[in-house]
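Following: one structure in structure tokens, then a few remarks.
Per-chain residue numbering starts at 1, and chain names A, B, C and D are given in the order in which the chains are listed.
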Amino acid sequence: MTRSPFLKRITPQLIILAIVLLLNVLVLPDFFTVKFQNGRLFGNIIDVLNRGAPTALLCVGMTLVIATKGIDLSVGAVMAIAGATAASLVVEGQHWTTAVMGALAVGALCGAWNGILVAFLRIQPIVATLVLMVAGRGIAQLITEGTILTFLDQGLIHLGAGTVLGIPTPILIWLSLGSFAAFLVRRTALGLLIESIGINEASSRLAGINSRVLLLCVYVVSGIGAAVAGVIVTADIQGADANNAGLWLELDAILAVVIGGNSLLGGKFSIVASLLGAMIIQSVNSVILLSGMPPEFNLVIKALLILAILVIQSPKVSHIIYILRASTPPAKVDRPNPAKELKR
Amino acid sequence: MIRSTHLPLIVTLLTFVLAYALCASQYPTMLSWRVVANLLTDNAFLGIVAVGMTFVILSGGIDLSVGSVIAFTGVFLAVILRDTSLHPLTAFALVLVITTAFGAAMGATIHYLDMPAFIVTLAGMFLARGAAYVLSTDSVSITHEFYDVLQSMYWKTASGGRFRLIGFVMVLTFIVGALVAHRTRFGQNVYALGGGAGAARLMGVPVASTTIGIYAVSGGLAGLSGIVFSLYTSAGYSLATVGVELDAIAAVVIGGTLLTGGYGFVAGSFFGILIMGLIQTYIVFDGTLSSWWTKIVIGGLLFAFILLQKGLTWASTARKKAATGFIAQS
Amino acid sequence: MTNDSLPMLHATGISKFFPGTIALDDVDLTLHRGEIHALLGENGAGKSTLIKCLTGVYRRDGGAIMLDGQTVDPTSTNHSQSLGIGTVYQEVNLLPNLTVAENLYLGRQPMRGPFVARRAMNEAARTSLKGFGIDIDPAQPLSTYSVAVQQVVAIARAVEMSGKVLILDEPTASLDLDEVKLLFSVIRQLKSRGIAIVFITHFLDQVFDLCDRATVLRNGQVVGSRVLKDVSQRDIVTLMLGRQLDTAPSAAKSAAVGAPLLQIESLGKSGMLDPFSLTIRKGEVVGLAGLLGSGRTETSKLVFGAVRADSGTMKLNGKDISVTSPRDAVAHGFALCPEDRKTEGIIGDLSVRDNIVLALQARQGWLRPIPRRKVDEIAEHYVRTLDIRLANLDVPIRLLSGGNQQKALLARWLATDPDVLILDEPTRGIDIGAHAEIIALIGRLQQDGMALLVASSEMEELVAYANRVIVLRDRKQVGELVGADITSVNIIKAIAAETRHEALQ
Amino acid sequence: ASDLTIGFSQIGSESGWRAAETTVTKQEVAARGIQLKFADAQQKQENQISALRSFIAQGVDAILIAPVVATGWDEVLEEAQDADIPVILLDRTVDAPDDLYLTAVTSDLVHEGSVAGQWLVDDMAGADCRIVELQGTTGSSPAIDRKTGFENAISGHDNLEIVRSQTGDFTRSQGKVVMESFLKAEGGDNICALYAHNDDMAVGAIQAIKEAGLKPGTDIKIVAIDAVPDAHLAIANSEMNATIELTPNMAGPALDALAAYLADGTVPPKWIQTESRLYTAADDNQAIYEVKKGLGY
């Protein structure tokens, strides 16, 4: 039985995703039905992919940040800032591409701010990013002056609500950016270097890795991911809602990363598994919405489902499963065995 | 001689005194007993959870569930007092048992399933808030006469400020918390866990019971804070105290406790709370900040405090290196 | 009740499996009362694992333990401590954030009512540590003291816990001669009180000096148990390695030293290291000698840019270079194997393969990944030439034994083909076989024209390979020995000249 | 009365309507030459209570407060009364005894809901209608009251039935997301009307309906509450059918009452109810939009 290590790594997430999707089918039998309607694919499963886009985009950067032993609480606020920037630029009459570039630049700047606090001022990531989490939403509101800044620029709207070949644009954006990032870290040495500083920064620095710059970059990537997510949600509702865009989404992103089997203590990571984690969370949300339960139960259901998922995945439980599966001790092999007769 | 480990505490204290003086020089009315009383009363519930949070953070963990637990406690009390004839004191005992058990359960999950505290308590946060919703989405007021008795227990200063019972409860919690953290075996074990779970285990620290104990303390204090909050507002409301966990964490960090665990003081969190309260008060006294500038200024001040602390710590360690780097050689 | 003829501790059939390895296979160990028992074996033989199984850190997969005639089953360190087994685990395991006294009495503090009696505790700590020859303020955080002091604190803690058995896993690895002597006298006292003592070390001299009996492990199995006064060091080494070791370690020291390669001019950092000058030639090994805290580690870190110097210049091949970070240093062909393997060397969770290519990859930059085939080639090459023992290249390096980790780190740097190789305590915690191999390796590297700067606490070792020895004291360069002058006696003399070492007083 | 200072404790800035209320309040205050101390509570009751205490400590002449929740104000209101500072409540009443505050300027949230329900009852005129409902933030009093009012109005009309009801958190994006799931779970053709607890959610839902290939306002009737500019625009574009106004100008009547009280002790009624006006396609929505757009919604 030879499975590729990659498949082996994401198997738990695939199984869990399948289970949660099955739950969806239980509450809504035609969950998987996809129609082509009004020039676009139309169906619940498409919604899961589409609505999971912001979390998916956030969790790419979040995976890298967490791999370095960090955490980025500011992504929700950065989404708001980026969305507000994009909206205010098109409202001012700029071309939408300029607006998007502006938003990405602002996102990168926010990431760089976090990165400088973490990598150079050596402030603990959770506090460093808390600053921007608190202040960031204020900055976004400063840009929109507290209103929902609406716009009618079709180019920008297309990014959030449009389709390409019938597929909603956000799906294409997160799939392409996600796979690009996953490909990039594995086909270059980036993945190795990031894991290395996450496991032991002092050792990595002594091995000649430029850990500070790498740390900075990781936060910048997170900021840019948040900016893309911010542009998408803004475009989706044709308005920048500085108060609510990305509110508490950082928690979903962190959850997605953890459900993706990545350790909050840094080190080895898998972006693909995190993306699956984001889809798992969105599928859980979908169960809740489709079930028709009164909304006061939403949180309890979500908490219990997530808890169940995490318990199944916890190292101890998987260790027990491992032991149950391989209850025989490893065969005595490949060690030059000492002359046992010396014992006598 | 001042121990170098006390430095962050002293820095926080100095920062508070300095900031208060600056505020008072701008708004002389801030130098009144009324404002002092307000600081204690208005931050009582936050202070109590901050004590629990200090234990958690000292041990190298984090507890995101406290805000939700406060809300749950309030709703639970309100519903119990509305629907049953239980005496509030009985209800208090009941809710403290529930929240302590809830914290202990999270601690057990963290230890036995080897899951990160961040995630376990995040799920706990959803769960507690969800449970509050299920009990009642509506805000339920509490009209028991015993509440009136408790609320009328205050000491009024000449200027009209009121030192209320809940303020004293907070101060008492801090004193007990400080004693437990710095003077008992349990406290030492908490610091030991924060210093390194692996080494602590090899040194024979009962890691399981300590971890469970820490989160039980945090849960129980969140419950106590919920009781105080229900006294503060005479109501239970499932949407109350959203995000309080972040305020508590910020207060603890401003108070000089390291998020990585092992270093810090309960008393530091007290000044952390006062500094946060001072920021709020100052903003209201100023009264010109728009909604968004309020957020930006709070973030900015948080940053300034962190930076100040960082700077002072750097300065002192640099001095320490030069002076005592080879202490054992002299 | 206690029966003096019964062994104090009798473990039989202890087995322990890790995924993919059998760390212990049916191991027996018998400790008599008042016996000092050496546990010997190569790196990775299973010594530490055996200790951890005996003291409940690991759940053993088989076997029984009798303590003082009673069957016991320790489930945690806490439990084994309460049974009267005191242990110092390999690598100092104390809490840097607590005070010395708190570390010493954690879990058994003197109490007054519900509260810890601090003053009494500090007093007790002071008295207890005085018995080990150190007089320090026990109310200070442990981290303010040197590794040596910390080691002594760990030992003192274990000694106070050990009503019946004391286990010391490589306690002398970071101690000076004087401290070792003190430790030995304490151990002999305990022996006279009837306590059974397990002593693990790679220094065979110490074993023969101190111990009564030795049990030798190889690949997780007991290969023999000997009364030491009946055997020679040679016999023991042969038992450990399963083969003869070619005579005393000696590198083929070549006198043919090349042109100056690295010229250091008054490099220093205030408060850390006085400015020093040093020239290293191609094919030369420069040794750094000194006591604990004399500045050897600082010297190597400064040269490598791991600590930024605040004065001085460096020339490589006659050209000025500036080294402000390890990155710069690597770019200029420097390499440093740091002293503290665990925190500054290995990347614990990464595979051995990744650890070996890490420095090379870091130097090439992230955009030019080393192809997988090439990676395997490099890793396999060094595993073979340095004889690194492992199940496969994919195991996380933290699961390797100390000696094998050290070799993997050497491999990491050799893979970058450095011009200047700096080794800080290259043989600390290394078994006698690997020790010889590393010394031979140093000789080979020198012959290949590499310039080496080696800091070591082992005089014989320096004598074996150094062309020149720089002696440090109090973070100052105080002497230099060249050629035939390099002998253990001379080095010790140079170190001790003028002031006596008082590090622990 | 330029030497007058009043404190205004606002809930936060969680929605466009809230921002407009802040803007209008500031305008009204400025127009009367009064000094304003503004405090944003970031949606937290504890911040509002402490803001009130700080206002009292500063000795302001009067306090305006938009309470985040009805309960929990007794103590601090007593302290204000002790200090002889009149308190006026904006847009929501509290559960405290009514002698603790001067007056409350609010709309009737339940009434708003029933106006919406009544409109739908009239519009359907007996035809069968399956309604989906977008609730406000779970637990918030507008969500609870607007739901109650609407249910009261349609009860007894068996042709009207709420088939799905889920929270949209008062936000556009959640409004859109939840509407999408309604459309799939029920099938777009099986939904006849949407009732949203605020306009923002309705605007989000309109987009979801359009993306599903249906015509909002025609295929699915839409009624919501608040009358923010974008709702007027949607009605003008025939994408929405009705909205009920919640005026952001609560401060105007409040300040008038205060001025009268301070001038000669005229005690205002305990409740000054603002009008809950219904806007439909019959009004000139384009014109209203132009007027309202500058108010900071």
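Please note the rule applied: a residue touches a chain if its C-beta (ideal position, glycine included) is under 8 Å from a C-beta of that chain, and two chains touch if they have at least 3 such contacts.
Source: prediction; values computed, not measured.
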Point to revise | Touching subunit A and also subunit D, the following chains | key: B
Review point. Computing the C-alpha centre of each chain, which chain sits at the greatest distance from subunit B?
Key: C
Check your understanding: When the centre of a chain is set as the mean of its C-alpha atoms, what distance in Å lies between subunit C and subunit D?
Key -> 71
**Study point:** Centre-to-centre distance between subunit C and subunit B (centres being mean Cα positions), rounded to whole Å
**Key:** 43
Point to revise | Mean-CA-position distance for subunit B and subunit A (Å) | key: 30
Review point. Where in subunit D do residues touch two or more other chains at once?
Key: 12-13, 19, 22, 138-139
Check your understanding: Which subunit C residues sit where two or more other chains touch them?
Key -> none
Check your understanding: Of all residues in subunit A, which are in touch with two or more distinct other chains?
Key -> 141, 145-146, 296, 298
**Study point:** All pairs of touching chains, each written as two labels joined by a dash
**Key:** A-B, A-C, A-D, B-C, B-D
Practice item. Name, in rising order, each residue of subunit B that touches subunit D in their complex. Key: 27, 29-30, 32, 34-35, 38, 41-43, 45-46, 133, 137-141, 151, 160-162, 229, 232-235, 237-243, 277, 280-281, 283-292, 294-295
Exercise for review: Please name which positions on subunit C make contact with subunit B in the complex.
Suggested key: 57, 76-78, 81, 87, 89, 93-98, 102-103, 106-107, 109, 111, 114-116, 118, 134, 136, 139-141, 144-146, 149, 157, 270-272, 293, 474, 502-504
Check your understanding: What part of subunit A is in contact with subunit D in the complex they form?
Key -> 28, 37-38, 40, 42-44, 47, 51, 141, 145-148, 150, 161, 233, 236-239, 241, 243-245, 286, 289-290, 292, 294-296, 298
Study note, to complete from the structure: Counting only contacts in the complex, subunit C reaches subunit A at residues 17, 19-22, 25, 61, 218-219, 221-224, 239, 242, 304, 306, 325-327, 329-331, 336, 338, 343-350, 354, 358-359, 361-370, 391, 412
Practice item. Using the touch definition up top, name the residues of subunit D that touch subunit B in the complex. Key: 7, 10, 12-13, 19, 22, 36-40, 42-47, 49-51, 53-59, 69-75, 79, 82-83, 95, 137-141, 144
